[in-house]
Amino acid sequence: MILADARLQLVLDLVGVFVFALSGGLVAVQRRLDLFGVLVLAVVAGLGGGILRDVLIGATPPRGLTDWRLLAAAALGGLVTFRWHPNLGRRRLLVRSVRVLDAAGLGAFCVSGALTALAQGAAPLTAVIVGTLTAIGGGMLRDVLAGQVPEVLRRELYAVPAALGATAVVVARELGVLGTGVALAAALGVAALRVLAVLLDLNAPSPLRTSAPSRAESRE
Amino acid sequence: MILADARLQLVLDLVGVFVFALSGGLVAVQRRLDLFGVLVLAVVAGLGGGILRDVLIGATPPRGLTDWRLLAAAALGGLVTFRWHPNLGRRRLLVRSVRVLDAAGLGAFCVSGALTALAQGAAPLTAVIVGTLTAIGGGMLRDVLAGQVPEVLRRELYAVPAALGATAVVVARELGVLGTGVALAAALGVAALRVLAVLLDLNAPSPLRTSAPSRAESRE
Amino acid sequence: MILADARLQLVLDLVGVFVFALSGGLVAVQRRLDLFGVLVLAVVAGLGGGILRDVLIGATPPRGLTDWRLLAAAALGGLVTFRWHPNLGRRRLLVRSVRVLDAAGLGAFCVSGALTALAQGAAPLTAVIVGTLTAIGGGMLRDVLAGQVPEVLRRELYAVPAALGATAVVVARELGVLGTGVALAAALGVAALRVLAVLLDLNAPSPLRTSAPSRAESRE
């Protein structure tokens, strides 16, 4: 443990797993999958990023397959989605819900991923990348399995807030000021930044600025 | 080895690899890929689940990359498919063949995966999940590479029989009654359950029961 | 290190990472992704094969996440593509560029992958497969994330040159003649073979030779 407060890591993990599981379940609902499709996609989205992280840093078997609390959080996310998912008629609401949940998961996971990598003795650069991959991995797996181009590749700021959050954790560690407050602030900051990007429709520069129609199309 | 009869594990692995390789080859034929596309998809489908399992439990390099018998079984599956695949005109037969082969592989791999995880000292819960992932992993990789939504996410009971089979093995282990007979019965039971689900068109509950047309559509 | 000349391994890795990153960036441009989409796909394509290799042989954390030179080469490839990508009107040029870059990466990575596996003590067969997977892994990840059927599964010789190159390295090792010259020749030979296959439109045998129209279609 890098943090004195070991509970924060667990809380971040549980929050990240749960909200990503909700996002996975909602994508499954959008794709009109059945109960088990919803559960599988929820579990993949919820646990995928952390499993990727643990495989990359050699911490096998991954915590997502050994800690029943994380598994339960992922399954709960799937069940909740299945039971109370928003009305399918309101498709725009569904899409927006997935994005806001994604933002919360992004914040929790980039911090938790960087902390885990540092705890395993990873170098600063590696911890930043592993943190970012933890944050974007579950959503990538979710989208690939559901047959859609991953959110992270679409026309909006997505990986950048995650990379910033992981960097903040690593820099704080190097400066010796890493504590519960800093970690929490980093997670919340990332989530806020991402929600802002969704709301304000902030986009990264594109090679195709001139062709307005293709833009809407690539967003589906 | 968890079983006294070490040959059973090998037999289960060889059967699973071979039938999943056949299923991978058939999907490649459906997608009109050439000889090497058929071989690659056969090898990925045949070995993918086991490689995923070994990476998750930290048993690297995975047995699928070191044991020539498994590699040969996967390649053989690809070659057999390429040479004798069913007439393409009979598309429904092709789809059904993939599903029956999948069922056999599912049974063999959920048992073999759980046994391998237990042999590596995994906890019961982890062994159940790793067994399930071993069983569904190869088919998932096959479908993702072939550009289709994985079978496991579609509207039918798929992951559940695999999870039941892995659970049976782990429970038998805990009760001290795990032997060749139990392992074999679990594998056959899973395959039978899955074939039954395909034949009877048993589906899990769906969030969209009312919209009949969308159902046919999501099944392609 | 298997080679006396340790620099060759690094050069092969850097070349492979850079050209695969260019190919990833170009696919992102084709798909009309924004700057970060281009960067992510460039990094995934550039580092994916090597990360897969290191995870499979248990050399974690993968060098692609720890060596800043490889990361920089991947990011540079993305930036270069974003800034100077060929005119989008010339779509055929784009497709062809991706294939030639792929060929260069294939040559560099099958050799570097086999060398790394041998250095980790892998058996000859395993080194051949790991080398091949290193070469085809980045492009597969790139294509799956971009939502297209992987190049390796399409109707042309792709995995075969990579397998031949990895085999050449392993055989040279067994014969005790593995040196810088042999390794370099293998890499160049693979790249040349693949470029030739693209230019001459050499295809592997197909199960559907008779249906000419479907052929053009499956190539998009």
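Each chain carries a letter (A, B and C) given by its place in the written order, and its residues are counted from 1.
As a working rule, a residue touches a chain if its C-beta (ideal position, glycine included) is under 8 Å from a C-beta of that chain, and two chains touch if they have at least 3 such contacts.
Here the structure is a predicted model, which means the values were calculated and not measured.
Chain C is reached from chain B by a rotation of 120°, derived from superposing Cα atoms (nearest 5).
Interface chain A/chain C: under half of the residue numbers present appear on both copies, so the contact uses mostly different residues. Computed centre separation for the pair chain A/chain C is 28 angstrom, with centres defined by C-alpha atoms. Multi-chain contact residues of chain A, defined as those touching 2 or more other chains: 55, 58, 144, 147.
Those residues of chain B whose C-beta lies close enough to touch chain C in the complex are 28-29, 31-41, 51, 55, 58, 60-62, 65-66, 68, 71, 82, 85, 88, 144-147. The touching residues of chain C, counted against chain B in their complex, run 55-58, 117, 122-123, 125-126, 129-130, 140, 144, 147-150, 152-160, 203-208, 211, 214-215, 218.
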